[in-house]
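Letters A, B, C, D, E and F name the chains as they come in the text, with residue numbers starting at 1 for each one.
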Amino acid sequence: MPYVNIKITDEAVTAEQKKQLIEGATQLLVDVLNKNPATTVVVIDEVNTDNWGVGGEVITERRKQGK
Amino acid sequence: MPYVNIKITDEAVTAEQKKQLIEGATQLLVDVLNKNPATTVVVIDEVNTDNWGVGGEVITERRKQGK
Amino acid sequence: MPYVNIKITDEAVTAEQKKQLIEGATQLLVDVLNKNPATTVVVIDEVNTDNWGVGGEVITERRKQGK
Amino acid sequence: MPYVNIKITDEAVTAEQKKQLIEGATQLLVDVLNKNPATTVVVIDEVNTDNWGVGGEVITERRKQGK
Amino acid sequence: MPYVNIKITDEAVTAEQKKQLIEGATQLLVDVLNKNPATTVVVIDEVNTDNWGVGGEVITERRKQGK
Amino acid sequence: MPYVNIKITDEAVTAEQKKQLIEGATQLLVDVLNKNPATTVVVIDEVNTDNWGVGGEVITERRKQGK
(Lines give C-alpha, C1' and ligand atoms only; values in the text may rest on other atoms or scores of the structure.)
Protein backbone atom coordinates (compact mmCIF):
# COMPACT_ATOMS: atom_id res chain seq x y z
CA MET A 1 0.00 0.00 0.00
CA PRO A 2 2.89 2.43 0.28
CA TYR A 3 3.03 5.45 -1.97
CA VAL A 4 6.41 6.85 -2.95
CA ASN A 5 6.85 10.16 -4.74
CA ILE A 6 10.28 10.93 -6.17
CA LYS A 7 10.90 14.47 -7.35
CA ILE A 8 13.96 15.04 -9.52
CA THR A 9 15.09 17.64 -12.02
CA ASP A 10 14.25 16.90 -15.67
CA GLU A 11 17.80 16.44 -16.85
CA ALA A 12 17.67 13.68 -19.47
CA VAL A 13 16.44 10.90 -17.21
CA THR A 14 15.97 7.79 -19.35
CA ALA A 15 13.04 5.35 -19.29
CA GLU A 16 15.50 2.70 -18.08
CA GLN A 17 16.55 4.88 -15.13
CA LYS A 18 12.91 5.53 -14.22
CA LYS A 19 12.31 1.78 -14.33
CA GLN A 20 15.21 1.28 -11.92
CA LEU A 21 13.86 3.95 -9.55
CA ILE A 22 10.42 2.29 -9.57
CA GLU A 23 11.87 -1.18 -9.00
CA GLY A 24 14.30 0.04 -6.35
CA ALA A 25 11.77 2.03 -4.33
CA THR A 26 9.28 -0.85 -4.43
CA GLN A 27 11.94 -3.32 -3.30
CA LEU A 28 13.03 -0.98 -0.48
CA LEU A 29 9.54 -1.10 1.02
CA VAL A 30 9.51 -4.89 0.74
CA ASP A 31 12.94 -5.22 2.34
CA VAL A 32 12.45 -2.80 5.22
CA LEU A 33 8.73 -3.11 6.03
CA ASN A 34 7.66 -6.31 4.25
CA LYS A 35 5.08 -4.34 2.27
CA ASN A 36 3.11 -6.00 -0.53
CA PRO A 37 4.70 -4.84 -3.81
CA ALA A 38 1.46 -5.43 -5.75
CA THR A 39 -0.15 -2.36 -4.18
CA THR A 40 2.99 -0.23 -3.87
CA VAL A 41 2.78 2.86 -6.06
CA VAL A 42 5.76 4.95 -7.19
CA VAL A 43 5.33 8.28 -8.99
CA ILE A 44 8.28 10.21 -10.42
CA ASP A 45 7.91 13.96 -10.96
CA GLU A 46 10.44 15.57 -13.26
CA VAL A 47 10.79 19.25 -12.50
CA ASN A 48 12.32 21.90 -14.75
CA THR A 49 15.56 23.30 -13.34
CA ASP A 50 14.00 26.79 -13.46
CA ASN A 51 11.39 25.57 -10.98
CA TRP A 52 13.68 24.08 -8.35
CA GLY A 53 15.74 25.95 -5.81
CA VAL A 54 18.25 25.02 -3.14
CA GLY A 55 19.97 27.50 -0.89
CA GLY A 56 17.81 30.23 -2.39
CA GLU A 57 19.36 29.67 -5.79
CA VAL A 58 17.61 28.37 -8.89
CA ILE A 59 19.10 25.06 -10.07
CA THR A 60 19.50 26.45 -13.60
CA GLU A 61 21.93 29.01 -12.15
CA ARG A 62 23.71 26.46 -10.00
CA ARG A 63 24.28 24.25 -13.03
CA LYS A 64 25.93 27.16 -14.87
CA GLN A 65 28.29 27.52 -11.91
CA GLY A 66 29.12 23.83 -12.07
CA LYS A 67 27.30 22.95 -8.86
CA MET B 1 -10.97 24.97 2.49
CA PRO B 2 -10.17 21.39 1.49
CA TYR B 3 -7.44 20.65 -0.99
CA VAL B 4 -7.72 17.63 -3.24
CA ASN B 5 -4.91 16.38 -5.43
CA ILE B 6 -5.74 13.74 -8.03
CA LYS B 7 -2.84 12.02 -9.76
CA ILE B 8 -3.63 10.05 -12.90
CA THR B 9 -1.70 8.83 -15.91
CA ASP B 10 -1.68 11.15 -18.94
CA GLU B 11 -3.68 8.92 -21.22
CA ALA B 12 -5.89 11.23 -23.31
CA VAL B 13 -7.90 12.70 -20.44
CA THR B 14 -10.27 15.28 -21.93
CA ALA B 15 -11.04 18.75 -20.60
CA GLU B 16 -14.62 17.54 -20.02
CA GLN B 17 -13.40 14.65 -17.88
CA LYS B 18 -11.17 16.97 -15.85
CA LYS B 19 -14.21 19.21 -15.33
CA GLN B 20 -16.15 16.24 -14.02
CA LEU B 21 -13.34 15.27 -11.64
CA ILE B 22 -13.18 18.83 -10.28
CA GLU B 23 -16.95 19.05 -9.86
CA GLY B 24 -17.22 15.57 -8.37
CA ALA B 25 -14.41 15.99 -5.85
CA THR B 26 -15.75 19.37 -4.75
CA GLN B 27 -19.26 17.95 -4.34
CA LEU B 28 -17.91 14.99 -2.35
CA LEU B 29 -16.48 17.34 0.26
CA VAL B 30 -19.78 19.21 0.42
CA ASP B 31 -21.79 16.00 0.79
CA VAL B 32 -19.62 14.26 3.37
CA LEU B 33 -18.21 17.13 5.43
CA ASN B 34 -20.38 20.11 4.51
CA LYS B 35 -17.32 22.03 3.33
CA ASN B 36 -17.63 25.37 1.60
CA PRO B 37 -17.14 24.71 -2.13
CA ALA B 38 -15.99 28.32 -2.75
CA THR B 39 -12.63 27.64 -1.07
CA THR B 40 -12.27 24.00 -2.11
CA VAL B 41 -9.31 23.51 -4.43
CA VAL B 42 -8.80 20.54 -6.75
CA VAL B 43 -5.55 20.00 -8.64
CA ILE B 44 -5.13 17.22 -11.22
CA ASP B 45 -1.64 15.98 -12.02
CA GLU B 46 -1.24 14.01 -15.23
CA VAL B 47 1.79 11.75 -15.05
CA ASN B 48 3.54 10.09 -17.97
CA THR B 49 3.15 6.29 -17.92
CA ASP B 50 6.96 6.00 -17.88
CA ASN B 51 6.95 7.80 -14.53
CA TRP B 52 4.37 5.68 -12.70
CA GLY B 53 4.86 2.23 -11.26
CA VAL B 54 2.69 -0.31 -9.53
CA GLY B 55 3.91 -3.67 -8.31
CA GLY B 56 7.44 -2.64 -9.25
CA GLU B 57 6.44 -2.42 -12.92
CA VAL B 58 6.34 0.71 -15.04
CA ILE B 59 2.80 1.45 -16.29
CA THR B 60 4.09 1.73 -19.87
CA GLU B 61 5.10 -1.93 -19.64
CA ARG B 62 1.85 -2.98 -17.98
CA ARG B 63 -0.14 -1.34 -20.76
CA LYS B 64 1.77 -3.37 -23.37
CA GLN B 65 0.75 -6.50 -21.48
CA GLY B 66 -2.87 -5.42 -21.53
CA LYS B 67 -2.99 -4.65 -17.80
CA MET C 1 -3.95 3.33 -10.50
CA PRO C 2 -5.03 6.81 -9.52
CA TYR C 3 -3.80 8.37 -6.31
CA VAL C 4 -6.02 10.86 -4.52
CA ASN C 5 -4.85 12.98 -1.61
CA ILE C 6 -7.50 14.84 0.38
CA LYS C 7 -6.29 17.47 2.82
CA ILE C 8 -8.82 18.72 5.38
CA THR C 9 -8.68 20.39 8.75
CA ASP C 10 -8.74 18.04 11.77
CA GLU C 11 -12.11 19.11 13.07
CA ALA C 12 -13.75 15.97 14.48
CA VAL C 13 -13.90 14.02 11.23
CA THR C 14 -15.37 10.60 12.03
CA ALA C 15 -14.18 7.22 10.76
CA GLU C 16 -17.52 6.89 8.95
CA GLN C 17 -16.94 10.19 7.13
CA LYS C 18 -13.45 9.13 6.14
CA LYS C 19 -14.92 5.89 4.79
CA GLN C 20 -17.36 7.91 2.70
CA LEU C 21 -14.56 10.11 1.34
CA ILE C 22 -12.53 7.04 0.36
CA GLU C 23 -15.51 5.33 -1.27
CA GLY C 24 -16.64 8.51 -3.01
CA ALA C 25 -13.25 9.45 -4.41
CA THR C 26 -12.66 5.91 -5.65
CA GLN C 27 -16.09 5.81 -7.31
CA LEU C 28 -15.47 9.21 -8.92
CA LEU C 29 -12.42 7.83 -10.74
CA VAL C 30 -14.41 4.80 -11.87
CA ASP C 31 -17.30 6.94 -13.12
CA VAL C 32 -15.29 9.59 -14.94
CA LEU C 33 -12.24 7.70 -16.18
CA ASN C 34 -13.21 4.04 -15.84
CA LYS C 35 -10.20 3.46 -13.59
CA ASN C 36 -9.71 0.14 -11.82
CA PRO C 37 -10.78 0.67 -8.18
CA ALA C 38 -8.56 -2.19 -6.98
CA THR C 39 -5.42 -0.10 -7.48
CA THR C 40 -6.93 3.30 -6.64
CA VAL C 41 -5.38 4.76 -3.50
CA VAL C 42 -6.92 7.50 -1.36
CA VAL C 43 -5.01 9.17 1.48
CA ILE C 44 -6.64 11.68 3.82
CA ASP C 45 -4.43 14.19 5.64
CA GLU C 46 -5.97 15.91 8.66
CA VAL C 47 -4.24 19.20 9.31
CA ASN C 48 -4.41 21.23 12.52
CA THR C 49 -6.26 24.52 12.07
CA ASP C 50 -3.11 26.34 13.29
CA ASN C 51 -1.28 24.94 10.28
CA TRP C 52 -3.73 25.95 7.55
CA GLY C 53 -4.22 29.40 6.11
CA VAL C 54 -6.52 30.96 3.55
CA GLY C 55 -6.43 34.60 2.55
CA GLY C 56 -3.34 35.05 4.72
CA GLU C 57 -5.33 34.15 7.83
CA VAL C 58 -4.85 31.11 10.03
CA ILE C 59 -7.98 28.90 10.07
CA THR C 60 -7.97 28.92 13.89
CA GLU C 61 -8.51 32.68 13.74
CA ARG C 62 -11.13 32.44 11.02
CA ARG C 63 -13.09 29.93 13.07
CA LYS C 64 -13.17 32.37 16.02
CA GLN C 65 -14.64 34.95 13.66
CA GLY C 66 -17.30 32.50 12.57
CA LYS C 67 -15.88 32.02 9.09
CA MET D 1 15.98 21.49 5.85
CA PRO D 2 12.55 22.83 5.02
CA TYR D 3 10.80 21.79 1.85
CA VAL D 4 8.42 24.23 0.20
CA ASN D 5 6.14 23.30 -2.69
CA ILE D 6 4.40 26.13 -4.53
CA LYS D 7 1.64 25.16 -6.95
CA ILE D 8 0.49 27.84 -9.39
CA THR D 9 -1.29 27.91 -12.73
CA ASP D 10 0.97 27.92 -15.80
CA GLU D 11 0.10 31.38 -16.99
CA ALA D 12 3.29 32.85 -18.43
CA VAL D 13 5.35 32.78 -15.24
CA THR D 14 8.83 34.04 -16.09
CA ALA D 15 12.15 32.61 -14.97
CA GLU D 16 12.72 35.85 -13.07
CA GLN D 17 9.45 35.42 -11.16
CA LYS D 18 10.32 31.83 -10.30
CA LYS D 19 13.68 33.06 -9.02
CA GLN D 20 11.89 35.56 -6.79
CA LEU D 21 9.55 32.87 -5.45
CA ILE D 22 12.51 30.62 -4.64
CA GLU D 23 14.44 33.44 -2.97
CA GLY D 24 11.40 34.71 -1.09
CA ALA D 25 10.28 31.35 0.24
CA THR D 26 13.81 30.49 1.34
CA GLN D 27 14.19 33.84 3.09
CA LEU D 28 10.79 33.40 4.81
CA LEU D 29 12.01 30.22 6.49
CA VAL D 30 15.21 31.98 7.57
CA ASP D 31 13.31 34.96 8.96
CA VAL D 32 10.57 33.08 10.82
CA LEU D 33 12.29 29.87 11.92
CA ASN D 34 15.99 30.60 11.49
CA LYS D 35 16.31 27.66 9.12
CA ASN D 36 19.53 26.98 7.24
CA PRO D 37 19.00 28.23 3.67
CA ALA D 38 21.66 25.87 2.31
CA THR D 39 19.38 22.84 2.78
CA THR D 40 16.07 24.59 2.09
CA VAL D 41 14.42 23.24 -1.03
CA VAL D 42 11.74 25.02 -3.04
CA VAL D 43 9.86 23.31 -5.87
CA ILE D 44 7.40 25.17 -8.10
CA ASP D 45 4.71 23.18 -9.93
CA GLU D 46 3.01 24.93 -12.84
CA VAL D 47 -0.41 23.42 -13.44
CA ASN D 48 -2.51 23.81 -16.60
CA THR D 49 -5.66 25.87 -16.00
CA ASP D 50 -7.73 22.88 -17.24
CA ASN D 51 -6.36 20.87 -14.32
CA TRP D 52 -7.13 23.27 -11.49
CA GLY D 53 -10.50 23.97 -9.95
CA VAL D 54 -11.82 26.30 -7.28
CA GLY D 55 -15.44 26.42 -6.20
CA GLY D 56 -16.13 23.42 -8.41
CA GLU D 57 -15.20 25.43 -11.50
CA VAL D 58 -12.26 24.83 -13.79
CA ILE D 59 -9.87 27.80 -13.82
CA THR D 60 -9.98 27.91 -17.62
CA GLU D 61 -13.70 28.70 -17.36
CA ARG D 62 -13.21 31.22 -14.57
CA ARG D 63 -10.63 33.08 -16.65
CA LYS D 64 -13.15 33.41 -19.51
CA GLN D 65 -15.54 34.97 -17.02
CA GLY D 66 -12.90 37.43 -15.94
CA LYS D 67 -12.42 35.87 -12.49
CA MET E 1 -5.48 30.35 -6.30
CA PRO E 2 -1.96 29.28 -5.40
CA TYR E 3 -1.37 26.40 -3.02
CA VAL E 4 1.75 26.43 -0.86
CA ASN E 5 2.86 23.47 1.23
CA ILE E 6 5.61 24.05 3.77
CA LYS E 7 7.19 20.98 5.35
CA ILE E 8 9.30 21.55 8.45
CA THR E 9 10.46 19.45 11.37
CA ASP E 10 8.21 19.50 14.46
CA GLU E 11 10.64 21.27 16.74
CA ALA E 12 8.55 23.57 18.94
CA VAL E 13 7.14 25.76 16.21
CA THR E 14 4.76 28.23 17.83
CA ALA E 15 1.31 29.30 16.62
CA GLU E 16 2.74 32.78 16.11
CA GLN E 17 5.50 31.45 13.85
CA LYS E 18 2.98 29.45 11.83
CA LYS E 19 0.93 32.61 11.45
CA GLN E 20 3.99 34.42 10.12
CA LEU E 21 4.69 31.62 7.63
CA ILE E 22 1.09 31.73 6.36
CA GLU E 23 1.12 35.52 6.07
CA GLY E 24 4.55 35.60 4.48
CA ALA E 25 3.89 32.91 1.89
CA THR E 26 0.56 34.49 0.93
CA GLN E 27 2.22 37.91 0.58
CA LEU E 28 5.03 36.43 -1.52
CA LEU E 29 2.50 35.23 -4.11
CA VAL E 30 0.86 38.66 -4.13
CA ASP E 31 4.18 40.47 -4.54
CA VAL E 32 5.70 38.26 -7.23
CA LEU E 33 2.68 37.10 -9.23
CA ASN E 34 -0.11 39.44 -8.17
CA LYS E 35 -2.19 36.47 -7.01
CA ASN E 36 -5.46 36.94 -5.18
CA PRO E 37 -4.74 36.31 -1.48
CA ALA E 38 -8.40 35.38 -0.81
CA THR E 39 -7.98 32.04 -2.58
CA THR E 40 -4.35 31.40 -1.68
CA VAL E 41 -3.99 28.35 0.55
CA VAL E 42 -1.00 27.58 2.77
CA VAL E 43 -0.62 24.24 4.56
CA ILE E 44 2.19 23.58 7.04
CA ASP E 45 3.22 19.98 7.70
CA GLU E 46 5.25 19.36 10.84
CA VAL E 47 7.29 16.20 10.49
CA ASN E 48 8.92 14.25 13.32
CA THR E 49 12.72 14.39 13.18
CA ASP E 50 12.76 10.55 13.03
CA ASN E 51 10.87 10.80 9.74
CA TRP E 52 13.11 13.27 7.93
CA GLY E 53 16.47 12.60 6.38
CA VAL E 54 19.11 14.67 4.62
CA GLY E 55 22.33 13.25 3.25
CA GLY E 56 21.11 9.77 4.15
CA GLU E 57 21.05 10.68 7.84
CA VAL E 58 18.00 10.92 10.07
CA ILE E 59 17.54 14.45 11.42
CA THR E 60 17.25 13.09 14.98
CA GLU E 61 20.82 11.86 14.62
CA ARG E 62 22.05 15.05 13.00
CA ARG E 63 20.63 17.07 15.88
CA LYS E 64 22.59 14.95 18.39
CA GLN E 65 25.73 15.80 16.40
CA GLY E 66 24.90 19.48 16.56
CA LYS E 67 24.06 19.78 12.88
CA MET F 1 18.74 17.67 -4.84
CA PRO F 2 16.09 14.94 -5.11
CA TYR F 3 13.12 14.94 -2.78
CA VAL F 4 11.54 11.62 -1.84
CA ASN F 5 8.26 11.35 0.03
CA ILE F 6 7.31 7.93 1.39
CA LYS F 7 3.76 7.50 2.65
CA ILE F 8 3.05 4.42 4.75
CA THR F 9 0.46 3.38 7.30
CA ASP F 10 1.34 4.08 10.94
CA GLU F 11 1.61 0.48 12.03
CA ALA F 12 4.45 0.35 14.54
CA VAL F 13 7.23 1.46 12.24
CA THR F 14 10.42 1.64 14.30
CA ALA F 15 13.04 4.40 14.25
CA GLU F 16 15.48 1.81 12.90
CA GLN F 17 13.17 1.00 10.00
CA LYS F 18 12.73 4.69 9.22
CA LYS F 19 16.51 5.03 9.21
CA GLN F 20 16.76 2.19 6.70
CA LEU F 21 14.12 3.80 4.46
CA ILE F 22 16.00 7.12 4.51
CA GLU F 23 19.36 5.45 3.80
CA GLY F 24 17.90 3.20 1.13
CA ALA F 25 16.02 5.91 -0.75
CA THR F 26 19.07 8.20 -0.68
CA GLN F 27 21.31 5.42 -1.95
CA LEU F 28 18.83 4.57 -4.72
CA LEU F 29 19.15 8.10 -6.13
CA VAL F 30 22.94 7.86 -5.97
CA ASP F 31 23.00 4.49 -7.69
CA VAL F 32 20.52 5.23 -10.47
CA LEU F 33 21.06 8.93 -11.17
CA ASN F 34 24.38 9.72 -9.48
CA LYS F 35 22.65 12.39 -7.36
CA ASN F 36 24.48 14.16 -4.58
CA PRO F 37 23.32 12.55 -1.31
CA ALA F 38 24.17 15.70 0.70
CA THR F 39 21.17 17.55 -0.71
CA THR F 40 18.83 14.56 -1.05
CA VAL F 41 15.83 14.89 1.24
CA VAL F 42 13.59 12.02 2.37
CA VAL F 43 10.35 12.61 4.27
CA ILE F 44 8.27 9.76 5.68
CA ASP F 45 4.57 10.34 6.33
CA GLU F 46 2.86 7.85 8.63
CA VAL F 47 -0.86 7.79 7.93
CA ASN F 48 -3.55 6.35 10.21
CA THR F 49 -5.19 3.24 8.76
CA ASP F 50 -8.57 5.03 9.02
CA ASN F 51 -7.23 7.64 6.58
CA TRP F 52 -5.98 5.32 3.85
CA GLY F 53 -8.04 3.46 1.31
CA VAL F 54 -7.34 0.99 -1.47
CA GLY F 55 -10.01 -0.50 -3.70
CA GLY F 56 -12.55 1.78 -2.05
CA GLU F 57 -11.98 0.09 1.31
CA VAL F 58 -10.49 1.67 4.41
CA ILE F 59 -7.25 -0.07 5.43
CA THR F 60 -8.57 -0.49 9.00
CA GLU F 61 -11.32 -2.69 7.55
CA ARG F 62 -8.98 -4.58 5.28
CA ARG F 63 -6.72 -5.39 8.20
CA LYS F 64 -9.68 -6.91 10.11
CA GLN F 65 -10.26 -9.13 7.09
CA GLY F 66 -6.64 -10.22 7.13
CA LYS F 67 -5.75 -8.35 3.94
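The rule is short, and it goes like this: contacts are C-beta pairs under 8 Å (C-beta built on N, C-alpha and C of every residue); 3 or more make two chains touch, one makes a residue touch a chain.
Quick caveat: nothing in here was measured; it's all calculated off a predicted structure.
By the document's definition of touch, common neighbours of chain B and chain D comprise A, E.
The chains in contact with chain C as well as with chain D are A, B, E, F. Between chain B and chain E, the least number of touching-chain steps is 1.
The chain with its C-alpha centre at the largest distance from the centre of chain D is F.
Homomeric contact chain A/chain D: same residue numbering on both sides for under half of the interface positions. Think of chain C turning onto chain E: fitted on CA atoms, that turn is 120 degrees, to the nearest 5. Mean C-alpha positions place chain A and chain B at a centre distance of 20 Å. With centres set at the average Cα position, the gap from chain D to chain E is 13 Å.
For chain E, residues that reach two or more other chains under the stated contact definition are 1, 3, 7, 25, 39, 41, 43, 45, 52, 54. Interchain contacts give a graph that is no line, ring or star and is not complete, per the touch definition above.
Two chains count as a pair here when they touch; such pairs are A-B, A-C, A-D, A-F, B-C, B-D, B-E, C-E, C-F, D-E, D-F, E-F.
Against chain A, the residues of chain D that register as touching in their complex are 15, 18-19, 22-23, 25-27, 37-46. In the complex of the two chains, the chain A residues touching chain D come out as 7, 45, 47, 50-58, 60-61. Chain contact summary for the complex, chain A toward chain F: residues 1-9, 13, 17, 20-21, 24-25, 28-29, 31-33, 35, 39, 52, 54, 59.
For chain F in complex with chain D, the touching residues are 1, 3, 39, 41, 43.
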